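What follows are several structures.
Each of the next two complexes has subunit A plus one other chain: subunit B in the first, subunit C in the second.
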Partner chain A sequence: MKKCIFGLLILSLLLSGCWDRRELNQLAITLAIGIDKVEDEYQVSAQVVVPSVVSTTSTGGGTMVTLYSARGETIYEAFRKMTKDSPRKIYPGHTRMLVVGEELAKEGIAESLDLVSRDSELRPDFYVVVAKENTAVNILNVTTPVENIPANKMFNSLKMSDNAWSGTKSIKLDELIEDLVSEGKEAVLTGVEIAGNQEQGSSKQNTESISPSARIRYDNLAVFKGDQLVGWLTEYETIGFSYITDSVQTSVKAISCPNEGKATIEVIQAKSELKGKIKNGKPVVNIKLNVEGDVGSVECKMNLNELKTIHSLEKIYEKEMQDNIKKTIATLQTNYKSDIFGFGEEIHRSNPKEWNTIKNNWEEQFSNLTTNVDVDLKILGTGTIKNSLLEKIKD
Partner chain B sequence: MKNVKISSSQFLVLVTLFSVGTSVLIVPSALAAKAKQDAWVVAIVSTVIGLFIIWLFCLLAQWFPQLTFVQMNEKILGKWLGKVASLLFVLMCLLYASTLLYYSATFLNTHLMPNTPMAALNILMVFVIVMGVRLGLETIARSAELLIFWFFFLFILLLIFITPEVKVENIQPILESSPKTILQTSITLLEVTAINAIVLLMIFPAFINNIKQAKKAFFIGNLLSGFIIIILTFYCVSVLGVYSTESELYPGYELAQRINIGGFIQRIEAFMAAQWIIALYFKTTLYFYGAVYGFAQIMNLKEYRSLTTPFGIIVVVLSLIIYPNVVYLQDWIATTGILFSYSIGLFLPLLLIVVYVIRKKLMKQI
Partner chain C sequence: MKWFFKKKNEKKSNNTNPPPRNQEVESEPKQVLKRSLQHNIQTLKEALGKSSDIIYREIRIGKEGTIKACLIYTDGLTDTTSLQDFVMETLMFDFKKEDLQTEITLEHDLISILKEVVITVADIKDITSFEEMMTSLLSGDTIFLIDGYDQGLIISSKHWVERGVSEPEAQTVIRGPREGFTENLRVNTAMIRRKFKDPNLWMESKVVGERTKTNIAVVYIKNIANDKIVKEVLLRLDQINIDGILESGNIEELIQDSQLSPFPTVYNTERPDVVAAALLEGRIAILVDGTPFVLIVPALFFQYFQSAEDYYERSIIGSIIRLLRHLAFAISLLAPALFIAITTFHQSMLPPALLISLAAQREGVPFPAFAEALIMEITFEILREAGIRMPRSIGSAMSIVGAFVIGTAAVEAGIISAMMVIVVSITAISSFVSPSYEMAIAVRMLRFVFMALAASFGLFGITIGLIALVLHLCSLRSFGVPYMSPMAPFNLSDQKDTLIVLPKWKMSTRPRLISQKNNVRQQDSASAKPSPPKK
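Up next, the complex of A and B:
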């Protein structure tokens, strides 16, 4: 008896398996998904890695990825229809990017997001972007240098620019959904566009010249109202948005010198605090921005050895940043009437009772909202040199 | 069978695992659906109320230190009325054992093994449960002592890894919901953590070697599990936000999915799922034990072990047929299930206490 049980135990170690096993050679690993709307139907495209090309070290063979695309009445249907074309089942577990076509974004993205959050194979940790003035298929159809897999290129360059420049905003699916359902906050997404010749973008030759004829580039920020795209912010406004919502990690900003010419402030740390209040029955939001930075470059004549100059640089930066933020808020209040900053949420947090009375006409309240902006810059260093060489150059 | 005794520390482990049971996986979602960002406050409130219910159970246990709940029923309510009450109790245990099986199978089906038939998963699980119950209470208690270490290890690991993702703004404004909503919502949580702990009266006090200490263990175990649920609910709401917490079927699993430390420690949710399987196993086993042992005592059988296999088969079949889908299950739990639990887990013990006190007074007068 004991021997029998022992034998069974040994066997169970060897013979165990999983009902739902799927081997690697049965999967089409998808790194980017694009969704468009074409004549009442959804068009879903999937950028799939070609394993044989990725695994070989030589530069021969075709492109690293291939694009499958199918149409269907719903997104899920289109997804499964792709198997008509693809030899393996699309596996979206490693998705890094979701690209939404501009047409679809204008009609509303909520329907498209249901599947991606319902399906168990997808994880909500990929970035969502909008194809600016283009379709998602076209965006996914461009090869990229440096990072050979376009989806990885898009992922990393969004992460990098968000980190070092703040003129874009990386939004993951869960953050997007949270923004869409939240009362008192509207969603934003970064735009992605093709620069150059779109037709030549899909071939491998595109990456073989030093400056490719087609590139994928991030630009502008899409403003949503509800789940519909209502407009785009300029880069200047996007930076203002990043500062207000405390999503700046590092950045640089060009400011004018006290006399003439330009200087750059390298922002090392930026922290913004929103405080919502109700004053005389009207909502007021105070924005306090604390920035620490270095003098990044000086392209004008001034004496950096004097404390006075540093102070005046701080003043100029504070003034210009304040303008930037105020202009950004004004654009959204007048042009789009969309509260992408989460001012409503902030008032909800600080005054839950009053929020209940004003939340029904928040759109109107937002466009008449008073904001007080206070910027404080501390310059910590001047880089590796003190005065600019411009000081020594005789006119 | 009469000489089986477990220590109070073993009982503590069983109480904790029982009360945590299903709660860790699904409760945050149920709480957030009504109380929004105050879900964790509800968890605190219901843990406190839960202690009163445990006190009620302990009161009963003190009066009859040698009897199980089924025997108490017969002693207090009389032979036939007592047997009817006990049958209802056994039915509840059986029903919840299969409900939990259904739970664990749907969880595995939705997240990990979408194409595996539920029957296969349930049969495997019941096989282990029947094995545990056949081997007896002492074996169950000892294996619980071993596995609770892993449960806490994984739980603390989850907390450490997810802490960087916490956003305090998600739980503000605190206490926006009215006290009425908070109390109403806590009824749901009370059901799974405290009310259903009536099943533990099949072990306590009859099979405990030190009743005084075990009483303490009952309270501490309940507090401990309450603490786990409070923390988990807090983390769910503050990491996932209110909307995701209430719309996810299994917010606890979603929480584990969000773990990402430097792009290095990530995608470990299947590993984390082990803690829920451990808790689910012990909760199901205790329900099953209650059903089998209770039925044996109703029928005055000398040996309960012969019942385990047939009951195991019944539980598997029940788990496959009672709930056609997840929506039905949630609906059932919110309406019928909650009434059933409260009538067996709260009304019945109250009735026993009242009847016992009246009978004692009558006896004195005579």
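Up next, the complex of A and C:
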């Protein structure tokens, strides 16, 4: 008898099985989520893969992704309302991009981030961007060539441009939340915009011409104060920001030659050190930037065989980079009063006691902060040739 | 589970209560030969019935041809040519010569004269009992009975048509000996003996089976094998009480430790070199007449991953191939289960690109992943079984149909996803990597259990299954040796031949738990390492 009960107990385990089982063809695989604010309601849009178009065997046309959109008082509600439209349950586990509409960003993004960081299915490793002068739903409504899934295109091109150009900043959800909650550091997000004709962007024909009528492009950096968008940085200011926050992996910078014309320095490695201190009761931040690079291109007359020339190129770069960085800091100090560099954190780290007294009016302190910028470039090589072709042609 | 079956077994044995052995035989009065030839032949004929293959050749011997005699043999099992040349010719022709006649006196009776002087055959024996006579006659010997004597002669003349030594079919190697055991016990023992010129190689004979009287040889190296295990093997063989043994598999079932485990605890092989290597490690071989499969005990889990070739290749190659075999074992056990678990429960574990690609393949597939996997696995098992049982000539036709049905048509029809075909194929191929067929079958069976666990509990189910599997494996023993040794209990020095194979000069000791005495193979392993001559 005992054995029978024991056996039944074991078998009953099987009855409870499979409750959270989902076949792959019961999922609406969401790769990008857009959040907008429309008339006091949240509008959530999800870019969902259409598997039958992706599969190689199918002959059917259509776009690789489709967009579901729903409104609700909260984001979660809007998510669930989407099933009215979508035949499958939205599966956000593989989300790669979260696009926030500019309107919402101006109002504040903290409330919207609650669900995406709370839900167990969402991994916090997707990039967050702001739709510049646009809504998120419009951004997600553009088809893309090469990478046929727009979310993948957005993901990869943000990653690549951050890596090779540093004019954008790839920020994942967990990094964003860390910036939002930390004292003495404000958040930034890269902006995304539609270049070209937005109306024609959503059709498959958009990808069928060599030059699509609408493209998704990253530009500028959204500056936040608290959780609210306060303004945008230009591309060169973004690069300056990247150098200061030690997030440059590789980049290039065009500089002027000693005489006239232009040359390019390819940055291979950049390392920045921030040192905060209190001098005469006022916070001071020293920025030390060590850069290693090559001469990438020379578009002027210059004798690279001489060490002197190399040194003068280094000097020019250091000067121009210093200006760039100083200009970036000045913009933030005067225009936005937002400490996106984390200078406050540095002061906190070096002078915790004084920080307690100045942190309450840090906004003011920041705008009057003295910064010393020191740039040091080492040119390691000149590529595969020494002097430019120009030298020979003109002789 | 164990207690459940144990109790049942006990009940069974209480009910039937088998009679003690040999009781039946002893109760019959032992029949002995009489002086009358006619009577003896009559008794034989009564016992053997109308068997047409028993030949009674009545002859007359002696100077005047006055002594009646009879040669009895089994046609087909006896070498009639040598019977004619060496027995009948001497008896009927040479024996009539004068000089031999004179030696027959009272002290030297006819039987011993014939045995000692006349018959030119190597193996010859006296007999008096019918039972002994019957056994010899039916194993191919010739019986010689003379009128007026209550004893006869057994003249060895066994000879029958048999398969020659050929390459083993089940365990093939690229490099290594090509000979395999045959169905003849003597040929098999000779093949082992030929590899050892060592007096310590002992072969104990046994006869098992009331009716088949199958000859069995228990082979071991006296001063290496563990005496306790030898004793245990002999004891278990003695306890067998059955009418017939037709294959070593019958013996295996009767002596193995764990009856209900899917895992084999007795190793079998067709290869004399494998047996020889096992003997050198202190294992015991059981040879059974009538089958080329020789049993080896104790058999441990990791032994089933060792192929003879591992030791003939250079150790580095052998090690890599053995690691590959372990990987294949894991794949063939878990691949479909992992696929089911990940695609139905843990989609977030897949990289986005793979997830999209898999989802695209599954589009339109009407079955859940588990059913899909089950269909494919069962189809494959049917194809495999058909491939073995079918006449060879239609094999190619079936492989075309099989490949077409499994591979192309099912995917094109949208019933099965392409990825599932890939998973099932790699699983199937992996299961053939195992050098031992028994282990491959065990894994094939367990694969379905793991698939069911994965379908109901996902990775948690697989983990629970693996824990249960490891517990079970650790609880097994083969003739007293822990099945998972040298992993559990762990033994560092035996790792040299477990997951990897160290070179021969590093193999300085025998597996410790198997032989337990005389563990040293080569005294100084440092000097065994080859090095170039110093100048």
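Worth pointing out:
Heads up, the rule we're going with is that the second predicted complex is superposed on the first by the 372 of 395 C-alpha atoms of A that agree within 3 Å, B and C clash if a C-alpha of one lies under 4 Å from a C-alpha of the other, contacts with A are read in each partner's own complex, and residues count from 1 in each chain.
Rule of thumb we're sticking to: contacts are C-beta pairs under 8 Å (C-beta built on N, C-alpha and C of every residue); 3 or more make two chains touch, one makes a residue touch a chain.
A quick note: this is a predicted structure, and the numbers were derived from the prediction, not measured.
With subunit A as the common reference for superposition, the partners subunit B and subunit C occupy compatible, non-clashing space. When the two complexes are superposed, the chain touching more residues of subunit A, out of subunit B and subunit C, is C.
Contacts of A:Pro87 after superposition on the shared chain: neither subunit B nor subunit C is touched.
In the superposition on chain A, A:His348 makes contact with subunit B only, while subunit C stays out of contact range. Within the superposed three-chain model, A:Arg123 lies in touch with subunit B and with subunit C [touch as defined at top]. Here the vertex is the CA centre of subunit A, and the angle it makes with the centres of subunit B and subunit C is 50 degrees, a multiple of 10. In the superposed pair of complexes, A:Val54 makes contact with subunit C only, with no contact to subunit B.
Once chain A of one complex is fitted onto chain A of the other, the partner contacts of A:Leu27 are limited to subunit C, with no touch recorded for subunit B. In the superposition on chain A, A:Gly281 makes contact with neither subunit B nor subunit C. Following the chain A superposition, subunit B and subunit C show a smallest Cα-Cα distance of 5 angstrom. Subunit A residues in contact with subunit B (one complex) as well as with subunit C (other complex) are 18, 20, 123.
Those residues of subunit C lying in contact with subunit A across their complex are 4, 343-345, 347-348, 352-353, 355-365, 368-369, 455-458, 461. Against subunit C, in their complex, subunit A makes its touches with residues 3, 14, 17-18, 20-25, 27, 29, 31, 49, 51-52, 54-56, 58, 91, 93-94, 96, 121, 123, 149, 152. Every residue of subunit B that touches subunit A in the complex is listed here, in rising order: 110-117, 120, 169, 172-173, 176, 240-241, 243-244, 257-258, 260, 267. Residues 18-20, 120, 123-125, 174, 177-178, 181-182, 345, 348-350, 352 of subunit A are the ones that touch subunit B when the two sit in their complex.
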